[in-house]
């Protein structure tokens, strides 16, 4: 409440930007939506602590992919909740994902995204209070 | 995103069909809503893999009940997420439910249905990536 | 479905009452919203079993705080799902919270509240069926 | 401590009886080891509440199999922790197992059995205290 | 490995001291076993961070009981894993226990104690790495 | 039972080999204990499916470290349970670990290792049955 928690959303398909922003705004989140991995890493390096979670596609055109963005995010902020979205790269999650992350396999329902990101943030906050 | 995940919903109370469809559509799901167990089993046998989850009432008038529908669904597709809804039959879940299923005891809030089905689908997808 | 599950919401900031009520009503919950701990404890003592969950702020002005309200709720009804909301008191949860409760650290998104309360209720109902 | 919790163990391979008994005794459990499903159901019907958990093989020669034994156990005592052990029948667990049960796929290490049964009992006890 | 993790064990029944020490030593833990709550609180206040977990009975004769010992432990060290053991006081855990604690209801098997304390420590360590 | 499940254990401190082997043998596991990452990767590439879990230290002298060994293991076998052991590298787990892995921070008790590896194997087996 009061201030909307800020999510970093990385998705190279520009047609999806509005749908993601709208859905997450309805759920009470503010979003910074970026189209490529280099921009995402730049924003993480500028100040990772302002983001309550990272939501990232895997394939991001040229430059770093979603695995690399999440890796950098976790190096800067080990407690960053991470949610991957992917179609054909979901199978690589077991080897390339970070611990305590979630992979949403496309196609998925918007409610899956909202529920998963909400749970990850609450769990991360809760764990930090007892550990 | 892109294509809405399809849920098989079995509920013999026709007055609830529209409310269930609307709520699940708002959450981003497509639904096939059926009124009895025989029809549900027929659709599962035709192609169980098109359904991302089964949402079923327990008492379904004449014919197979919800326990039987879920049992058939899991025989055809061991990974099918299963969510039961019931009032007076909830107490039988410990003996008759399938593993990793959820029982929603009536009355419940629509958000409980949306959150539970979204979690079950994400968990099932995620587990399949590491096992 | 049919009857909306009733939540006891305790929040001393009156400006938030409407937002909490609206959001929880959209999710399918009925709410009794109170402004202080004494009133909350009175309602719990009158009949704790009518509430499906307790959602409480920690600092509640004069009188009992949120830790005390939850403690009384659990003494009357050991199965009561408990969700705390707080800003500066979140750090005391490890020592003062009850088991199986959730702490939402402010600021949080409304979706975090809806998802957490829905999960707690479903888990509590489910556990009661196998234990 | 004081009194050893009693486990009902059902295994038709008599050569394994001693190993199971020894290992569970070392872990602090008392065991009633039976060779077939009919005997197990008879003991459950006599007094299911004296058993803190059921550990059962699936294939049990003639008479009821492990799925049926667990089903009866849960009808008599919905909170009974259930642990199945199997080789070739593990794949049927998704359709035939009861909720909150565990399936140990043979071959397994004795530590898997001890850890799983200990966890199931502690979880069941814990859940009963808040639900 | 190398240095045994130290557990603070509080149990007023002196006859159980040796059994608890032996069992936990076999599992690889060092123990400081105390007979009353005042001594336990004194040791926690001297340096709570040297203990990897607190294992405490509820009824401890005169002086502070197990609920109070755990409360002090968590105030000093919010990440302290807490495991309660009790017979007749288990029912009060829902109101008096701390979050993320475990209640072992007597009688229990020694393996339940070892498995629960091992899990709590590993979970606490793991959570601290991502939150 | 019958055949002991085989664990791949990678630890560059030779003095610990015997302790790890003994403890895991007592728990019912067979072990292949190796001293460096190159040997571990060679054995994984030869046949990853024979191992029921990977237990690896992070620092392994010259050659690949534990993060790399686990990465290769998961590429070859996405369902491989992974357990890391480390002292000073535990803090890098959030960025470098694989999903659903466990990090044991040294010093730890042998029971933590046995409980964690047993749980990971049972969970992995169980998940594979419903997903």
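Going in written order, the chains are labelled A, B, C, D, E and F, and every chain counts its residues from 1.
Here, a contact is a pair of C-beta atoms (placed from the backbone, for glycine too) under 8 Å apart; a residue touches a chain by one contact, two chains touch by 3 or more.
This structure is a prediction, so every number in the text was calculated from the model and none was measured.
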With respect to inter-chain C-beta contacts, which pair, B-F or A-B, contains the greater number? A-B
Among C-E, A-C or B-F, find the interface that matches A-E: by residue number, over half of the contact pairs should be common to both. B-F
I'd like the Å distance between the centres of chain E and chain F, where a centre is the mean of that chain's Cα atoms. 29
State, to the nearest whole Å, the distance from the C-alpha centre of chain A to the C-alpha centre of chain D. 42
Multi-partner residues of chain A (at least 2 other chains): 78-79, 91, 93-94, 99-100, 103, 114-115, 119, 125, 129-130
Quick check on the complex: what are the chain E residues that touch chain D? 16, 19, 85, 90-91, 93-94, 102-112, 114-116, 119
In the complex of these two chains, what residues of chain F are touching chain B? 78-79, 99-100, 124-125, 127-131
How about chain C: which of its residues touch chain E in the complex? 71, 74-75, 78-79, 91, 93-101, 103
Spell out the part of chain B that touches chain A in their complex, as residue ranges. 1-5, 27-29, 114-115, 118-119, 121-122, 125-126, 129-130
